[in-house]
Amino acid sequence: MTKDELKEHITQFQPKAVFEETGEWLNVQVETGDWKPVAHWLRNGVLQMDYLFCLTCIHWPTAGKTPAAGNTADEGSGGIFMMVYHFTSTVFRHVLVVKVKLTSDHPEIETVSDIWRTAEFHEREVFDLFGVRFLHHPDLRRLVLTDDFEGHPLRKDFEDPVNMIKL
Amino acid sequence: MFSLETITNSIQQWLYSTFNPTMALILECAIVMLLVIGLFAVLGLVLVLMERKVAARMQIRLGPNRVGPRGMLQTAADTLKLMMKEGLTPDGADKFLFNLAPFIVMIAAMLIMAPIAFAKGFQIWDINIGVLYVSAVSSVSVIGILMAGWASNNKYSLLGAMRSGAQIVSYELSAGLSIISIVVLAGSLQVSDIIASQQTGWWLFRGHIPALIAFVIFIIAVTAETNRAPFDLAEAESELTAGFHTEYSGMRFALFFLAEYINIFIVCAIGATLFLGGWMPLHIGNWDDFNRIMDYIPSSLWFLGKTFCLIFLIMWFRWTFPRLRVDQLLSLEWKYLLPISMFNLLLITLIAIMGWHF
Amino acid sequence: MYRETQILNSNTIAPTTARDLAMDEAGAGLVINVGPQHPATHGVLHLVITLEGETIKKIEPHLGYIHRSIEKMCESLSYRQFIYVTSRMDYLSAHINNHGCVLCVEKGLQLEIPPRAQVIRVLMDELTRIASHELWWGAMAMDLGAFTPFFYAFRERETINDIMEETCGTRLTMNYMVPGGVMYDIHPNFQRRVKDFIQLFNSKIDEYDDLVTGNIIFQNRTKGIGVLSREDAISFGCTGPVGRASGVACDIRKLYPYEVYDKVNFDEIIETAGDSYARYLVRIKELRQSVRIIEQLIDNIPEGDFQAKTKAVLKLPKGEFYSRVETARGELGVYIVSEGGTTPYRIKFRSPGFSNLSALDHMSRGCKIGDLMAIMGTLDLVIPDIDR
Amino acid sequence: MFIKEYISDVFKAVSSLLKGMKTTGSYFVRPKEIITQQYPDNRAHMKLPERFRGEVVMIHDENNEHACTGCTACELACPNATIKIITKFDTTPEGKKKKALDTFVYHLELCTMCNLCVEACPTSAIKMAQTFEHSVYDRNRLLKKLNQPGSKLRAGVE
């Protein structure tokens, strides 16, 4: 399916979705609350996005503060976490990037590990390194770091004076 | 002609003429003990080196070549290292059993040495139920292995020991059945009688195809019984790290290691005795000249040659095959080897009764 | 007895999910730790396995023993510098990792790569793939208890390493790819030596078949073991030979061709059984396909530059760039978020091993411990690739 | 036929095993195939390819002159802070002050042999050497000073 067709389908299901077409693939941004039904629809609906090939998160510690980023009252001061999901369909071979914006104060999002099982590990990794909480995840523990580790190293404001050497 | 029999006889005569009979017997026992221990040490050194060299050649490597000429002293150096190492006992281990286990394995191996005929008239104890004795004593070593696995208080060791138990107990059956088929042919349990019965030819050739099948099954079964690859499930390096001897170190580990090689030697010696005529030279029908030349080769060389051929075969297996899984190991025994060897025993009995063998 | 050893050797972790709690209440299971130092994990992978007898009830991978946070490191390295770090992820396909990174940077810079560099890159990728599969073949056979194949595999791998050493300067972590092309031109001996190697290698693959593929013990150990259905493979994101053995067409070289992969003839190997044997066959057949690609390209390296002209300091425009390459283990995704500076704002490496490992628990439930070695062997896990 | 299948199974299995044994056995009798290199013994005729990256060295000619201007391009290119360049100010004959290299500090223990410094060098002053036996007992000995004592910048290199 082409980008326009994808766009059409998504708008039909989720009129609130925001599109961005600068990159290689179609990017769509959805609200945190809408994410779970959208995910279900992506997997089982007409698009058949059965293969989640990348799941990650980006931290913008200051984005929330700048007025340009559309700072609203509930976004708080700590910036935003952007969850990025890369989907493709093994049937149609189209690629879609879904982004969900989370606030730094309450980085919580519904898990998709019941829809794409690969998400179970990827979400644990994101939880470990960014501190994003995945609601209803079956086994949300730290994956690579020790259980008593403090902080989330891939956050931009993470400081570790012992192990991080500033060049 | 060089013969070990004359040497042993003259020593015995000298002993009995110099001391009273009790003293002579005690001295004889002491000499035999020393000889057995000496043989153990030498066999350990030779077999470990041989294994490493065979493995190296099959794996396009050179193998040990630094210690001594062509690496001959490598195993001696290794033994020295193991002796000087600290023998650790894990905290949670059952200390008594943990220390006892390697000795049980070792002693079991030593005991089987008794009825083996190393050369013509060179045998520690020509017991009249020699073959039965061998198969009885060889199953003692499983107790040592189970003990080691249990006492180590390590889950890997326990799993290894359990596997080993299941394995040795089941493979004992087909090894026993193959041994019995030769007993049926030879009509005696005594080792010297069995060898004597192969005067005109080895049972491997004289017993037609059934004897060949019995031989193959025997080799497979003893490979399994000695926990050698492809049946090394008790150790199974990639699965259970080192299996039942994971927690052993230093000399106690060396004893397990040595016992493994001694066991290989023993089972191959028994295989050579039963199927390849022990120290009996190769004789072919009416070729008198050929037979006479063969007779010139000392009987001890015949025995060792045959035994080392079988040892080489078992090493060849080890460096070629992948390991079986534990359930496949048992299904191989119970679904293939045991039925085949039972049927085979029937055929052999028929051959023996009808006198169809050569 | 089970209970007793379990208490004495208790270094298990607290149960967390309802599923685990249910199992603990039933009192079933002997928990053993495979790794982080274990002969079969080939690295520092830690698996907590719950057993019942010899049967696996649950596997829980514990990662992070070699986690270096390469993603964080890359955030402070420039676009030329961060490539060398990625050799240390999946160190067996170092070239292909580097390739993924330079592709992503080039996408951002919109660089045109000289055809000569493209062909050299593909040749190096395929040589790396052969070397990686060789090591996998040896190590997998060793996991299953056969030691000798390891040495035969390393003999051929050594030849590739020597070729790499001559052209790239190093044997394992080459750092040969640079944004815009390759670091040096190929060595004058390169073509001759590769052709010699291909000739030698064709005769050796048959030997591999004799020694391992046809072996009845090996077949019994792998057939029907660790079956991963097509749906599960997609859901778990299994790519590379693991995915293809389950019937998923996931070869990035075919689906989204990069460099000259759309100009060479090769087959995407797809098996449908999804078991360990199918994964084995896919890799063994891929060896021949890699040889095919090299044979087509080795005599047709176009003349010209081996590197495009680039600025001394690279700056990617603001935006997001994603490149996908097929490593020996599966799909490697490189996701760069740029804020317009000289260093990436955020890099994500979607490593194939990570997703493949997540399917391990699903595949090995109900198998024996011995089967676990067959499954892990054919998953071809490289631990630094998983941990990053 | 069950029996027939059973026997053919056994036969196939045994023949596949024998095939494997033939392979290893054939190597056993062909010692020419042995590929072991006896490393410390073959040191004399072991030749590494000229591109091999062993360590960074500075090229000095017979007059003990190098081409390093102390521009720190390599220091910037290095991802691990392996190179530290200490500069000094020389006075040229005309009396002008000119920046020049004082010490080229190279931490071999941090180096990953990525070759980026050599690529970055505008005057080709450094290169990769083919040495590889870097093990020492004292870590400090891995900290190297690349410019030889008394060496100076070759005339004409800017």
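Every chain is named by a letter (A, B, C and D) in the order it is written, and numbering of its residues begins at 1.
Just so we're on the same page, a contact is a pair of C-beta atoms (placed from the backbone, for glycine too) under 8 Å apart; a residue touches a chain by one contact, two chains touch by 3 or more.
None of the values given here were measured: they were computed from a predicted structure.
Asks: C-D versus B-D: which interface comes out with more C-beta contact pairs?
Replies: If we tally the C-beta pairs in contact for C-D and B-D, the bigger total goes to C-D.
Asks: Quick one: which chain's Cα centre is the longest way from chain D's?
Replies: Most remote chain from chain D, centroid-wise, comes out as B.
Asks: Of the chains shown, whose Cα mean is nearest the mean of all protein Cα atoms?
Replies: That would be C.
Asks: What is the distance, in whole Å, between the centres of chain C and chain D, each centre taken as the mean of its C-alpha atoms?
Replies: 25
Asks: Could you tell me the distance, in whole angstrom, between the mean C-alpha positions of chain A and chain D?
Replies: Chain centroid spacing, chain A to chain D, equals 42 Å.
Asks: Quick check: how many Å separate the C-alpha centres of chain B and chain D?
Replies: 51
Asks: For chain A versus chain B, what separation do you get between their C-alpha means, in angstrom?
Replies: Averaging C-alpha atoms per chain gives centres 65 Å apart.
Asks: Two-or-more-chain contact residues of chain C, please, as numbers and ranges.
Replies: Expected reply: 148, 155, 211-212, 215, 217.
Asks: So which bits of chain D are touching at least two other chains?
Replies: If we look for residues of chain D contacting two or more partner chains, we find 17, 20, 23-24, 35.
Asks: At least two other chains touched by the same residue of chain B: list those residues.
Replies: Touching at least two other chains: 58-61, 319-321.
Asks: Going by the touch definition at the top, which pairs of chains touch each other?
Replies: A-C, B-C, B-D, C-D
Asks: What residues on chain C touch chain D, complex-wise?
Replies: That would be residues 77, 80-82, 84-85, 148, 155, 158, 165-170, 173, 175, 178, 183-184, 187, 207, 210-212, 214-217, 312 of chain C.
Asks: Would you pull the chain A residues touching chain C in the complex into a rising list?
Replies: Residue list for chain A touching chain C: 22-25, 27, 50-54, 56, 58-59, 84, 86, 90, 93, 97, 116-118, 120-122, 125, 129, 138-139, 141, 143-146, 153-154, 167.
Asks: Considering only the defined contacts, which chain B positions touch chain C in the complex?
Replies: Interface residues on chain B, with respect to chain C: 55, 58-61, 92, 153-156, 158-159, 163, 229-230, 232-233, 236-241, 319-328.
Asks: Show which residues of chain C lie in contact with chain A when the two form their complex.
Replies: 16-17, 19, 63-64, 67, 69, 71-72, 76, 107, 232, 234-237, 239, 248-250, 255, 319-322, 324, 331, 333, 335, 337, 345-346, 348, 350, 354-355, 357-359, 362, 387
Asks: What does chain B use to touch chain D in their complex?
Replies: Against chain D, chain B makes touches at 54, 57-62, 65, 316-317, 319-321, 336, 340.
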